[in-house]
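Each chain carries a letter (A, B, C and D) given by its place in the written order, and its residues are counted from 1.
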Amino acid sequence: MSISLKQVEEHNSRQSCWVIIRNKVYDVTEFLPEHPGGAKIILKYAGKDATDAFEPIHPPDALDKNLPPEKHLGDLESSAAQDLDNARLNRKKTADEVRIEREQAKKPPLSHILNLKDMEQVARKILPYKSLAYFASATDDEITTHENARAYSRFFFHPRILRRLSNCDASTTILGYKSPIPVFVSGAALAKLGHPDGEANITRGAGQTGLIQMVSSNASLSFAEIAAARVTPDQVLVFQLYKHKDNDVALKRIREVEQLGYKAIFLTVDAPFPGNRERDARSAWELEEIELAAEQGEEKSTAELPLTKKKLEDVEEDVDTGGTASSYLANDDVDMTWDTTIPWLRSVTRLPILLKGVQSVEDAVLAAEAGVDGILLSNHGGRQMPYALPPLEVLYRIRQQRPDLFDKMEIYVDGGVTRGSDVLKAVCLGARAVGLGRPFLYAQSAYGAEGVVKVIRILEREIYMCMRLLGARTVDDLVPQMVERVDWSAVGPKL
Amino acid sequence: MSISLKQVEEHNSRQSCWVIIRNKVYDVTEFLPEHPGGAKIILKYAGKDATDAFEPIHPPDALDKNLPPEKHLGDLESSAAQDLDNARLNRKKTADEVRIEREQAKKPPLSHILNLKDMEQVARKILPYKSLAYFASATDDEITTHENARAYSRFFFHPRILRRLSNCDASTTILGYKSPIPVFVSGAALAKLGHPDGEANITRGAGQTGLIQMVSSNASLSFAEIAAARVTPDQVLVFQLYKHKDNDVALKRIREVEQLGYKAIFLTVDAPFPGNRERDARSAWELEEIELAAEQGEEKSTAELPLTKKKLEDVEEDVDTGGTASSYLANDDVDMTWDTTIPWLRSVTRLPILLKGVQSVEDAVLAAEAGVDGILLSNHGGRQMPYALPPLEVLYRIRQQRPDLFDKMEIYVDGGVTRGSDVLKAVCLGARAVGLGRPFLYAQSAYGAEGVVKVIRILEREIYMCMRLLGARTVDDLVPQMVERVDWSAVGPKL
Amino acid sequence: MSISLKQVEEHNSRQSCWVIIRNKVYDVTEFLPEHPGGAKIILKYAGKDATDAFEPIHPPDALDKNLPPEKHLGDLESSAAQDLDNARLNRKKTADEVRIEREQAKKPPLSHILNLKDMEQVARKILPYKSLAYFASATDDEITTHENARAYSRFFFHPRILRRLSNCDASTTILGYKSPIPVFVSGAALAKLGHPDGEANITRGAGQTGLIQMVSSNASLSFAEIAAARVTPDQVLVFQLYKHKDNDVALKRIREVEQLGYKAIFLTVDAPFPGNRERDARSAWELEEIELAAEQGEEKSTAELPLTKKKLEDVEEDVDTGGTASSYLANDDVDMTWDTTIPWLRSVTRLPILLKGVQSVEDAVLAAEAGVDGILLSNHGGRQMPYALPPLEVLYRIRQQRPDLFDKMEIYVDGGVTRGSDVLKAVCLGARAVGLGRPFLYAQSAYGAEGVVKVIRILEREIYMCMRLLGARTVDDLVPQMVERVDWSAVGPKL
Amino acid sequence: MSISLKQVEEHNSRQSCWVIIRNKVYDVTEFLPEHPGGAKIILKYAGKDATDAFEPIHPPDALDKNLPPEKHLGDLESSAAQDLDNARLNRKKTADEVRIEREQAKKPPLSHILNLKDMEQVARKILPYKSLAYFASATDDEITTHENARAYSRFFFHPRILRRLSNCDASTTILGYKSPIPVFVSGAALAKLGHPDGEANITRGAGQTGLIQMVSSNASLSFAEIAAARVTPDQVLVFQLYKHKDNDVALKRIREVEQLGYKAIFLTVDAPFPGNRERDARSAWELEEIELAAEQGEEKSTAELPLTKKKLEDVEEDVDTGGTASSYLANDDVDMTWDTTIPWLRSVTRLPILLKGVQSVEDAVLAAEAGVDGILLSNHGGRQMPYALPPLEVLYRIRQQRPDLFDKMEIYVDGGVTRGSDVLKAVCLGARAVGLGRPFLYAQSAYGAEGVVKVIRILEREIYMCMRLLGARTVDDLVPQMVERVDWSAVGPKL
């Protein structure tokens, strides 16, 4: 049964809300209150085609998973569908798209990317304005993100000399799985915002190099698509769970990834509510300004657009975070506890259970007592709680106050890592491995899977250099005595 | 009996000084030495119309309160009054007024104001030059104000995880009155410099959101006008008392606010003499330069005007602070003491008595011993004593050295707060609530009462976000263990 | 007997060196090795007129004191003298002089000078290039000077409230002499480089305000001229002695100032050799560049002239510090000791004896043991030993380690003071008074004696404001508990 | 037997690789895997003339030492040789060469060089782009190099007064050899990159002033050429050994320098692998960009060239560090140990044995236990291990934790020294002498041997000034009590 555009257009309200996605019509009225990103953003497309807004931030199975079959109303009339396709095809390029094409043409060859900052610099140039805003944004004034990185600059090395270094080996194990370097891909969502292949780029790059990848509940590909992108069948994926408040829904999600062969569950514990990501919130109306200016023949840079007057409809509306990419990330279950959630998880799965987002020594102790298999010290890359202590500082406090915890579970850190030397600082202090998120989003945006491989190769080269110059032949030689937290701040790019 | 302009003009000296205000003539000769802002500024208008200088910084009842009836000489002759009115009407716009009109036209919609810095940025653009100088100025090199804010950047959080967060509630009580968040409006004077409705904007905004407002003795509206602006009869106002050296005068002021229903007296103790506000002092002659330049077709920005040659009459005159908005704020009683002033206050009123401007642990102890109901740790927003310790640092020292004080009286802080996370840092350390002053002056200047509401909503949103991400369901869950004063300075906008 | 120009010109070598000063001829051959500024600079004028180089940096009695009568050869032939006078009169203005005239015309009125930084800013504009280089220069990278000032920004106040403040009195005594504020003029030489009246400006300004002035051995006026500039006969001058290695010469100098009524001897102990003042050394050839550029119609700013190619004679010559204003300051006696110099001084004069330039706690202790009347903690304004501890930090260490010293002698500090709050920090820590040098050089350069008065009035106003806001009615109320050395660095202009 | 160009061109692969150097033909096929700088860079010239790439970074005896005689195939045909010579002669100047000529013409006279920063500034202007990249580059983000220098800014002096200073003497001994100041030339390689006379400039300058010079294994002149440049036969040279993994090869090198009269062996222990010098790696393709831009009439500054698109062949190739000057420095023996290497060295030579590159207190202790004659605390000028503790900080920790070590061996530091005051800080803390490397490379690049002398004279002048102003007559008077590590960071050029 095909549906006319006119019919769709009639269902344009909260009372009855239909949308078109890839020329199919869906009734999302009942789903509105369930939508993790809020009802508002959907209502913007009520009675209209929502394909362009939907695609980059949803996996293809999102509709199947979230809408019962009876809400899949059917195909749009073919002439209307044709019209929409044509409109999309003939659409004039936006100013942002024109800029990106120009930057893509100037992109340096991969061989000129010497470090992770180079990679980020390229990505910042070729990313769509809104995608960059989502990837780069952090909570409040973004200080927390900067502090995560800056924390590393306070730790200096005591390199050791005259030690045998041939056959240097940086490999380790993570949850029993071999890793060529003490590094893994930390959960980072919505990769399709940067590249049409999205998270699959990361999976391919990790597979080629043997790294373990954590896949976010909010990936823009389906968990199955990501699993299918594995280079070898035994490539290790682990799952970052945003737990739904309804245990049954959460369990369904766990079962799915178990069946796909994911090897561990990282329960997200630092994001019961979304952080305040202003860069992200601003990007929509800033982009509008850019396009308006382009129509008048000007080119506007971001820097000129801090606080602008909305030119179109002057309807005053309070900005909530609805409609931004960030808003999609809210975790539903705001009442998780040590006493209920961890035991429940243990009862439903045999996979190792880890906590992602531990931010204090006190909670590291509780985690050990709760018997989890590991914890990831993380403040979500500075995107959630402003002024959360940098993960490296939490690690350092565990080393000083409760070194026994390192024997009870695996402890990882992420946030702020840009160099092999950063990785080794964390490992010296007791971290089993170090996660990186944004660098992989940038790399896949700039160069696809090859960019991901490049980032890993750079880290590998830097880690080997530093191990040798530290006098460490294996990761077991990386000991706390090799690092010192100095009482001055280092100068330079980290600032 | 109507008075001719000629008559007025004859009384143009310290010996006999008449001024015209709103077409009425006053003999202020005997009042000259009493004027809190000094005689000089009045003498500038001796024998002339002083309306434009008088209005924005005096409440309408100022003349009634301060001049005996026999000095209200009568109406100006109607033809002269007409002439003055016409002159005012036909007056050419100043360069500053032209600039403000242009900026007002570009003002962003309220929905684009995401944080308190955004609000300040708008206000800085649309405020008259001299008003901004008064609002923004601080003592000496303005370091004290910056340090107030920077102090917050040294406190980081230990967020806690896996705690029940539904029904999160940020409300508290202040002196027994309910407040939806641990925030109140701190005393901030001369709001009419930014908006014709002045302090009433703040009262309306506070009323709509349930916040408690402290009203300054130096408000530019009368205490009665402010009281009349309340949204509901039980809306809570408290009074910031600048005590007159004459107890009878002071008592009259107290009785007035008691009768108007004000709920507490905050005695100002950090301002026995005015601070050195150079930005304020300079603004008059800088503005003169701007106008002169405009006549010659140039537009001058403030930045170009640090030290300029006075072009008009080249009379050398020593700058005292007379004539600036700041000079209005001097408190008369410079001999207040613990032994005399507090007991006297107790003896004349049943309202709670609090001290505004405690700047050391030692005085916090004395305040508790004196039995006051509360203290506001404050250095007057950095406008009085240069290099006074930031209030948050005083709070931190009380927490470390005398935590028992928190049980003896309510302790508040103000100065430097721009984020919900700042509020929570103070509350974790023991503050009952946190006051903000300048942000409300800026907000009402930029958007009137709606701007005030917006600022409160932003703080509310940020406080809720942070409580949830900290793992706190009520303000009682905000404990000292959640914050750590780190030994490095944070980077970023706070600097 | 009059001497022809030709005759003079024949004596143009180290073997026989005559120079003309104010149309008189002098044989300085034997004086060459004695010249504190080195022989080289004199030889530059051998057989020529040296008046312009001589005058601004020598007191008028310099020739009488240093050259025996038989070396005063007589007058230059009147026609030649006439020619020299004419040449001087008709000399084309240099580019630097043209610039100064332009800046003088734009100089703001004194009433617009609100603080010492304003004053310095004006002086920097109207000073001759080389004079500014001499006044502003400091040793090596000038870090020591900046650190002197920055030290003050690490000390914050604990202001006290509710104290009687009427009749506030900032006066104190220095060596028993009354001073209206705890401030004195520290020794600062060569004031004529900035203003034709030189040190007399400072004497007049200090006299009008009651301040004590220290006069340098290297003043550009004679000690008698300075004494003659006193406003009242009992105006207090003290003498900064650079001790000559020959005790007899030194004694002659002491006797001279005793007879002129100077009240104390401050023996300079931080300058046995001149510091490395590169700004000063560079100024000569930079100025040459400026003039050359001006001839070609360009205006060169200092900023563009860091390292320039000498364009004129390309004779390679090693730069020693000869020929710069700084080089004049070398103290001759490099073998002064505690055991010999102090007892000798005591044996020859009844004046109080103080040490100027104590830079360590250890030497403060030795000074007390040696029984001197006082010490001035000073590193010569950062002009001598690079990275000498800031005087305020030395004062702080004395307060912590040897507070008993404050009872044994008067202790002063100088260096880096720009605000009344700085003065009070030092006094709270135990300093009897605080010296300022450069600010007075700048003030007299910019506005003569009136500038000096202005600087003192500004300090007075700021000191009174801060005493009242600190809760101190007299200097005895300024106690160590009122200041705290914080572990962060303040932001702002001090940096 | 002369060889035709055509013949050479046929041997252009890894299987058979011939190159022309100075019109002689060499078969380097078997040497490819041995080349310290990697095979790749040689293969770039396979079958071609390699003279221009070879000469500036190899000593003339490099071919004799490393290629067996049978691989010296003979002379190039004279007509081809002529052609090559002509081509070289008629070669158009590169943009970089044009720039250098222009800068050379503007070079200031030596007398205007007042400090080591001035010298570096000149060198930075006149050095070829790639040479500067090699000299200036450091590992990773170059933070380690900056921190080396910045460490000095945390140490302040307690200068002492009233001490006899005549006959001040800064001389000391180093390994028993007299040195006029506690300074030596630290190993710094490839001086020919900056000046055709290369290391000989340094030898001549050191000889004229009596300084001891350390010669690197990687000098661009032969050890014999350097020895021949000595000013007197007893001028002291010491040898910095990069130990070859084959003891016999290493021994041959030691014997050579023994016979040439070198006085000590400094075994390099901080460079088992090359650091990550990105500036160096980037310089090749950046230079290419500069030349391309020049062809199109633009002048490109370095600053504009951070990440550029390679324009020529777009062959993707992974950048290893092959082909950069840095890559030449890899030390072969990666399995040196305390137990094997030091005893072996002792067994083969009677020269004093020292370790260059000790970076921790722990290894300083081991070195003393191993009985070496001395250690040089160094992190290779920040070119090897990123975030290695600054050498001055290691020295400071030895002073605090193990002051007994200063009695057991001589301890030196290098890295970050730019002032005489820096030298004295290290000597006060216990260093026997202080090494400088880069400053001499810059000096000889800018002014040849005269530049080297100038640098030494500047240091000498600054050291004497500081000793006198510190109150030290000999180096024995320089004691730990004279320096204090402050808890704030100094401002200024050091940052």
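Annotations for the structure displayed:
The definition used in the following text is that contacts are C-beta pairs under 8 Å (C-beta built on N, C-alpha and C of every residue); 3 or more make two chains touch, one makes a residue touch a chain.
Quantities reported herein were computed from a predicted structural model and do not represent experimental measurements.
Steps from chain A to chain C, taking the shortest chain of touch contacts, total 2.
Interface residue usage between chain A and chain B, two copies of one sequence, is largely distinct: under half of the residue numbers at the contact are used by both copies. The mean-CA centres of chain B and chain D are about 63 angstrom from one another, to the nearest whole unit. Chain A and chain D have Cα centroids separated by 44 Å. For chain D, residues touching at least two other chains, in rising order: 487, 489.
Viewed as a contact network, the protein chains form a single closed ring in which every chain touches exactly two others. Of all residues in chain C, those touching chain D in their complex are 140-143, 146-147, 150, 154, 269-270, 272-276, 278, 281-282, 285, 306-310, 314, 316-319, 334-338, 341-342, 355, 357-363, 366, 379, 384-389, 393, 487, 489, 495. By the touch rule above, chain B contacts chain A in their complex via residues 106-115, 118, 121-122, 153, 155-166, 419, 421, 425, 457, 461-462, 464-466, 468-470, 481, 484, 486-494.
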